């Protein structure tokens, strides 16, 4: 694939990821019976929050989504659509979960590679890739007054971390960037989908927690 | 109005806004029966948090309030006063709501214009103006264990966004800064007060949210 | 003490502080019956979050813990140990509280002196020292869906503020850095331990809060 086509593909994937994440944020607002504004804010932070945390931590300010206004239209559109057509969108739960896995796989890889670009070592870069993928959803849950869903047994962050790690490690080889990104992406996506299909759960603490 | 007088007016308005926001934060602490320290922290984050988020996102670090220690005394004073005289201050609810609208109108304009100064385009700048106005209150509510009040139908963020947008758009004309700021300020303030007087509510989702 | 020995001592103390804070974060996860991943995240943010907030606010990005991957291994180890051996670790509550006071005393001093290094004035620097000490625990509590424990009468933030203030003020004299740091550290630690032993409580609001 030529460079420019790859770049265009990346932007389209990126906007798709932001859109799906924003839909999940706006759905949380609707389900808590919060107002239109909450749907827009929760949509926005879910779609963009992970990247904001990464960019603020690595000093890449202003974050990309604030430097390019088109990135802001996507979560706004997702928030409006979800608020007004939530009944139909809510029925697409399985489709949303699938697209969400795509978004996660994409964000963990682009987040990790951006951190590498800013000079971070492999371990912090992989962690920041994971944060890019899961950060928006965590802010969404905290703002909506929920404990983050990914704390309660869902296998979600680990695929992001593993996918990010694969990308970071392959990035140190001579492989072309497309291959590096595709490997990280596929690892995260495959892992996440397997976890969904097989119903894997993250381990819970054993025995009584002596409070 | 000469430049220096305008600057002094701005600082006085700014400190007034921080003070009133800080009072609202400390009142939340008192009403949750939290301790003196919580009143100071919630006062501080409510008064300064919106500006902190903006400054961190646009890379204007350290934030103004940390570079000028006098900005820190205002929320501390507000927190102490509110903690020890909350009974009297609580009775001033309507006055506080009025001043709070002033603070919102001011912060959305100064926040948006600062973002423009740092090179942001109109849409992100207007959004950051809104964030400057509403961010402190959102952190306050999350720290106090509440869902942000602005998520539950209050018309609060929209006036801030509209006021910020007016300021950002007029700033691209040849109008003097005083006029630009005054127009954005009045728009937000008028909108917010109208919403309060008329009892406007933000739209809530329609129909059952199929959880 | 020669400079290099002092530096090594500082790193060891720093890692000890991060470890103990991370244990407290992971214990909150276990006690809420959250999963392994939550134990790691809550451990990580409790150990490193205060420093992250400070570094982001003063513009020292990426934060030290992201620039040096060894800093990341400590909270990961603490999270794993706590998750798998929480029954034993929970019984060490008093030891943890003691070490936690060490961590607080250390972080408030190193945080404040770093802020001074970045050009902040004494009052903001002391506040950022306090934030370095208490910020991680506040993020932990918010993510776990709790109101921050330090809002409910615990004498915890005040020792951190006083210790940080002592360090910042002595730093303006000709005293050697070791003495400055030791004085701030001892002040915070002594204050915190006295509060624990004597059962001091922060003042709660008096009279009914007229909601």
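By letter and in written order, the chains are A, B and C; residue numbering begins at 1 in each of them.
In the analysis below, a contact is a pair of C-beta atoms (placed from the backbone, for glycine too) under 8 Å apart; a residue touches a chain by one contact, two chains touch by 3 or more.
Source: prediction; values computed, not measured.
Chemist: Select the category (line, ring, star, complete, other) that matches the graph of chains linked by touching.
Modeler: complete
Chemist: If chain B and chain C share one sequence, what is the angle of the rotation that overlays their CA atoms, in steps of 5 degrees?
Modeler: Between chain B and chain C, the superposition angle is 120 degrees.
Chemist: Taking all residue numbers at the chain A/chain B interface, are over half used by both copies (same) or under half (different)?
Modeler: Mostly different residues form this interface, as fewer than half of the numbers used are common to both chains.
Chemist: Where the CA atoms of chain A average out and where those of chain B average out, how many Å apart are those spots?
Modeler: For chain A versus chain B, the centre distance works out to 29 Å.
Chemist: Can you tell me which residues of chain A touch two or more of the remaining chains?
Modeler: Within chain A, the residues that touch at least two other chains are 56, 59, 142, 145.
Chemist: For chain A, which residues are in contact with chain C within the complex?
Modeler: It is residues 56-59, 118-124, 127-128, 138, 142, 145-148, 150-153, 157-158, 201-205, 207-211 of chain A that touch chain C.
Chemist: What residues of chain B sit close enough to touch chain C in their complex?
Modeler: Against chain C, chain B makes touches at 29-39, 41, 52, 56, 59, 61-63, 65-67, 69, 72-73, 83, 86-87, 90-91, 142-145.
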